[in-house]
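By written order: A, B, C, D, E and F. Residues from 1 in each chain.
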Amino acid sequence: MSARKTKGDPLKIKDKAACRFDLVALGEVMLRLDPGEGRIHTTRSFQVWEGGGEYNVARGLKRCFGMDTAIVTALVDNPVGRLVQDLIYQGGVDQSYLRFVADDGVGRTARNGLNFTERGFGVRAALGCSDRGHTAVSQLKPGDIDWDRVFGGDEARWFHTGGIFAALSETTPLVAKEAMQAARRHGTIVSYDLNYRASLWKSIGGQARAREVNRELAPLVDVMLGNEEDFTAALGFEVAGLDEQASALDPENFRRMIEQAVKAFPNFAVVATTLRQARTATRNDWGAVAYADGQL
Amino acid sequence: MSARKTKGDPLKIKDKAACRFDLVALGEVMLRLDPGEGRIHTTRSFQVWEGGGEYNVARGLKRCFGMDTAIVTALVDNPVGRLVQDLIYQGGVDQSYLRFVADDGVGRTARNGLNFTERGFGVRAALGCSDRGHTAVSQLKPGDIDWDRVFGGDEARWFHTGGIFAALSETTPLVAKEAMQAARRHGTIVSYDLNYRASLWKSIGGQARAREVNRELAPLVDVMLGNEEDFTAALGFEVAGLDEQASALDPENFRRMIEQAVKAFPNFAVVATTLRQARTATRNDWGAVAYADGQL
Amino acid sequence: MSARKTKGDPLKIKDKAACRFDLVALGEVMLRLDPGEGRIHTTRSFQVWEGGGEYNVARGLKRCFGMDTAIVTALVDNPVGRLVQDLIYQGGVDQSYLRFVADDGVGRTARNGLNFTERGFGVRAALGCSDRGHTAVSQLKPGDIDWDRVFGGDEARWFHTGGIFAALSETTPLVAKEAMQAARRHGTIVSYDLNYRASLWKSIGGQARAREVNRELAPLVDVMLGNEEDFTAALGFEVAGLDEQASALDPENFRRMIEQAVKAFPNFAVVATTLRQARTATRNDWGAVAYADGQL
Amino acid sequence: MSARKTKGDPLKIKDKAACRFDLVALGEVMLRLDPGEGRIHTTRSFQVWEGGGEYNVARGLKRCFGMDTAIVTALVDNPVGRLVQDLIYQGGVDQSYLRFVADDGVGRTARNGLNFTERGFGVRAALGCSDRGHTAVSQLKPGDIDWDRVFGGDEARWFHTGGIFAALSETTPLVAKEAMQAARRHGTIVSYDLNYRASLWKSIGGQARAREVNRELAPLVDVMLGNEEDFTAALGFEVAGLDEQASALDPENFRRMIEQAVKAFPNFAVVATTLRQARTATRNDWGAVAYADGQL
Amino acid sequence: MSARKTKGDPLKIKDKAACRFDLVALGEVMLRLDPGEGRIHTTRSFQVWEGGGEYNVARGLKRCFGMDTAIVTALVDNPVGRLVQDLIYQGGVDQSYLRFVADDGVGRTARNGLNFTERGFGVRAALGCSDRGHTAVSQLKPGDIDWDRVFGGDEARWFHTGGIFAALSETTPLVAKEAMQAARRHGTIVSYDLNYRASLWKSIGGQARAREVNRELAPLVDVMLGNEEDFTAALGFEVAGLDEQASALDPENFRRMIEQAVKAFPNFAVVATTLRQARTATRNDWGAVAYADGQL
Amino acid sequence: MSARKTKGDPLKIKDKAACRFDLVALGEVMLRLDPGEGRIHTTRSFQVWEGGGEYNVARGLKRCFGMDTAIVTALVDNPVGRLVQDLIYQGGVDQSYLRFVADDGVGRTARNGLNFTERGFGVRAALGCSDRGHTAVSQLKPGDIDWDRVFGGDEARWFHTGGIFAALSETTPLVAKEAMQAARRHGTIVSYDLNYRASLWKSIGGQARAREVNRELAPLVDVMLGNEEDFTAALGFEVAGLDEQASALDPENFRRMIEQAVKAFPNFAVVATTLRQARTATRNDWGAVAYADGQL
């Protein structure tokens, strides 16, 4: 694996024509319930959409740029799971690797993730209510997915996962690692979006565990994505001289942090910031690339 | 407690004027998500309502008959829990005994119960998708509620709970028992709706456990409710001579079953059938009373 | 009654634990019909809410601050009245003192109040269409409500009514007076929101009658609420030196007007301005307190 | 006027080409508020339509048969009145004789009529809630409309009004009479739909007053419409031999009743039954004609 | 026709009282399909309205100013055409001259025009999708309408058409010319809104054809409307000295262009700019008049 | 090609595992506009779906049976075409062979097909309004699609088209023929649904042309689908002895007609009736197979 990247050489991506998928993503797809103009706590109806940090990348590339993408995930086989599937069909993301898990009828052994979201208005902040404990996807464990089928034989040019999937349970970091290793074995580029969410880590070890998990996965990553807060909170890099007066968004500080990151993980071919607000199902713009092949 | 009922005497109920509540119910209140005319697996919107087996009795008595009722339950303190509260306000059921539990932000430690329901149409059966594992109310345990406050000092004339609440977890049967003992201590009538749901019991011991739980609670019940299937499945009474030719709905067979039940549990002052379809939030008619004070 | 307030002493409020209600309000509850984003005169649908000047205080204290509040009002017992009741349930305001009046089937002898409201947009002003003549609540007369039941025995700590209720008919000022006298008799604090509406007074005596009514009720008030226009139009206090150049909102002018008011009505323990825009069903913020216990 | 109809001669109607309107109707146009699939007392939204007994005839002839029709009515000039106007535009009924009355801002002196209607479902009866007291149209009085302008110079071939308009107030029967006299003066055919509504007459004299009003207007009618109940209740004709065994719908009985009516009012050129259910805004079918020019 | 306008004399308009219509417009009425807050390419529902450049003038004058107006147009007689008719009824515009053309069942020989429109939001531009090829109105040809009936006998005071109608097909300019000649023959004022739409002209001759058509119609116009772009693109007048630095909106430049126009077409009594954004069905404000009777 | 089928041998279908698609369909996909409970001619909103005779087979096999299917069709590249694409994504049908045609901005040179549909209710028949003239798909001509790419190299096991596609224009029968020949060349099974629609053929040659087209394509078909009316109207087979007394649905008559068909076209391996009502986007059940491999 150390031979994967040579300083100054561009990252080698498989030929598009030879591959079935431009990108395969691994992550949760939740049912988003949206009260429209109203507020969650007083609404009488919800509109529904599908969404999820890693999935949104696959959906955006398909629907905005016409690339062929697929999602690796799991859903419970009940009407709510089938509704999420219906929404993924609309998203245009291939479902060949979607696993349906048996329903117990009451949502005790496995559930589908839900995400109640509400729009901010003026000074009122946007507000959500994530209901994603005990989901089918959080119960994925090593060996569940045949990764050699997913990445073998030029199936996929690029693999994408991230820190939300890794925060779902004790087992999902192991699945992410297994997938990344298989991807590298088959010459597939690996990208990872740190996407630190304190609430997800809170009940399974907190920030310390987040850093441990992300640091274990980082050596397998070609393209590391994240904003300044992600690098700090989720990987533990300190921005030197950062105090209340200095802005963390000062490009110079960010440059120094990236230098730290690349020194720690020389396997990073590209380090990029993502714009947090762009992480939606309908738009997914890559933010300003900060570092690529030894150049900022 | 044995002096509570004397054969031939009518059940003594506290004076209405003296009591704050005509009925206090113990049970889960779920958010019902209803796709209207469409189907769950292809809808793009849901209307919401609140509902729950035991709660519906309290709501129906309030809104259809003007009685004062209260619900003992627990919700997670997040926008979804507050929406259920908003709907309970609309239901007119008092919330003095509603407990809000802290939110972990992701629904891992405690959740609010959801119930996706779809209307049947012609030959298509009605279909639901219950998502009620790991809820705040299922985590209630003995000592959480101050039952002497609930039933003391003529607060309540009647207490109602049932087999759905008892099937939520390992601890809810203990809470039901604690509540029923307190009710009896304070002279409050106790009713219990067997309401057997195989899916709820499946992953926590199945029918055998259901019978064990219901048989432990039955000696504390004044008014036992249930249909024929409930008495058979949830209490274990056999309908003599029942085979495929004979209908279990034959009144004579039902009479014999009730005789068995009253012999086993002489504390039953009333045994009544409930009409299954009447268990909704908007209508709650008591079915044909089959046995009261020694008379069918 | 003269002994009620002693200069410099804070207003004495009954102990919360001892009382059933933190506040009892007297006023109309109307059905609000809202065309959403559209305009009334071209819409094809309305959303409905409930609302009313005095009621909104009771609803806001309940739903925003968790206080126990009740409304004294009257509705016609027809489906529209029952819909308003359904909305009051949702508001969480107790209905023990809600009177239902018989329906004549056509709305000739008594009606329920309606309020068609439309949102402003940019330069377009918000616009309403109040349809509240001949309502059941406007026909309330002295003797209809047993005020000793409402205020006796520590039922209520605070009573609130105002200038909208007093403007509904010839009889409502008499009902307000009767209620305020009973409240004072039982040691309940009395607040009154002047809330001057020229349109309501127009056909029953105009501003002259408004002043007469408000000046007759003012000696019974502990906490007088209103904005500058209310004090001027509804109580007749002149702001000295007010001309087109000087702003009525100059704090110094307002101070002088309050001094006049307190001199005229030494029973006022608190005089406060309310923010007009805050008088809605969902938010009810008390404005900047201007005077309390001899201090601004 | 006695020369108007000669037995055996068909009714003479003005030439279509010469007249501006095929029919001019006099009556109320109400805003109908319809909760869709829901029920009034629990809905959160209403769809709106316009409707009214006499108006529906004009609308149906225009939209289903392409005839040119006009409505004589009155509305309050506020957003609700303008919404009814918008709906009348959609109905295609000419508004040249629509009067707008000044708004008092609160609906005390004059209002627009409202009609909350709810669909029946299975055994649940359809249910309405009429809110039409104190309306602008009920305050019309003789002299308000220039009937010589309406009927003069071949403006109209047919005039239609009925027992709903006549039941709106003390003055509307006088307006109906004035209009019918003018119509006859100008050779315009006069039709009248008895359309008896007990609730409308209840508070202004009951059935006795209804009979008095209808019997005073009947001598001015060419085409009298009504079902059996209307002839009995609103005109006072008895169906001979009608008892619980005999059906009033027996054609022989109905024939005898019509004979009574024609004997009493020889001016009737046509007597027809109307199908009650056909009196809606979208369909208006004339029922089975029972009597015309001396022949059943 | 040369005697029609004498320099310095105001334009003579027929007496309002003598005429049936204040304005008769000739143009297409399309069904507008509007996805509300969403976007066309992802919506699941559309709201519908009616609209069209020339029609909107007739609708605005009727609904905003109460004038009597009529539309000359054609629709296919199928449910969509009847829906447009229903919307025109709501618009209050007279339909005496609306022609219904037979339906072929599949929209091959004649169709109704559709206009999918989407609102802009922030930086996102408003976006439409016009589907108006092969419409019934585009197939109108000389002789189809009896213009002497439309303009004869003081039917109409004003006739309005414009450059959108003229761009519908090869035959519509001929129909416009025929109508304008008849209008002038009967002393009816003629207005014309240039309203240049490049997309409409593209497949039938482009800008060159647009100029040819408009220059042929211009000598028949009394009131010529258009913004600066219209005069340039659709009539071919050059704004002297216009380059990238100079604004075409400079009043001096605009004045010179109008001078050119009046010199070329001395029949213009009024030349006015229209505000592009005012061309909607609900608001139709005439922009700043630039030239009238020899005066700017 | 004559060797394709040997009497008594079952039809040979390519191995599922070897093929990318279980079925490729050729046909139009229209935007369906549905007024919900209302009627087209008075609605104010439409819900949208996608649909089309041949496409519905591909969608049904994908969403109901999980098969991999693709559609060959053409759309105009404007927001409406993109909306149809969004709906096809939701349908789960592969779009690799979907062609986007340039938009002219006004729908004159090429359009997207629309289908306004309305549900029947009780005795009211369902009613539609098809607006599919001049569509992009109707302009497909031989050579536009690379059929050797579609069927070569085990891409597809089955090809489906039918009589609706063939009725779209002069060129679509040629495209169907070209596709069927290519399918046979590559060993792909060919099915054809006669689906006779008189309205579509009316303006391009009527029934005579329909028979000519279908009889030219029939020799290329393995599986011929249609109901009795289709075989009669679209292929010209007479049901012997069919008169008004005898039902065409008599199995014996149908048997004789199929015998005629198989004699005329010995290439038919299967002849099956389809249930007309099953031709919807959501359900697509194959009707009772009538003939297969020489057996009924």
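Throughout what follows, a contact is a pair of C-beta atoms (placed from the backbone, for glycine too) under 8 Å apart; a residue touches a chain by one contact, two chains touch by 3 or more.
Values in this document were obtained by computation on a predicted structure and should not be read as measured data.
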**OP:** Pick same or different for copies subunit A and subunit F, depending on whether their interface residues overlap by over half.
**Re:** same
**OP:** Note the rotational component of the Cα superposition from subunit A to subunit E, reported as an angle of 0 to 180 degrees in steps of 5.
**Re:** 120
**OP:** For subunit D and subunit E, let me know how many angstrom lie between their CA-based centres, rounded off.
**Re:** 42
Subject >> Intercentroid distance (Cα basis), subunit F paired with subunit E, Å >> reply: 43
Original post:
Between subunit D and subunit F, what's the gap in Å when you average each chain's C-alpha atoms?
Top reply: 53
Original post:
Touching two or more other chains, which residues of subunit F qualify?
Top reply: 42, 44, 86
**OP:** Under the touch definition given earlier, write down the residues of subunit F that touch subunit A in their complex.
**Re:** 63, 86-87, 89-92
Original post:
Of all residues in subunit C, which touch subunit D in the complex?
Top reply: 33, 39-48, 78-80, 82-83, 85-86, 103-109, 111-112, 114, 116, 118, 127, 129-134, 199-200, 202-204
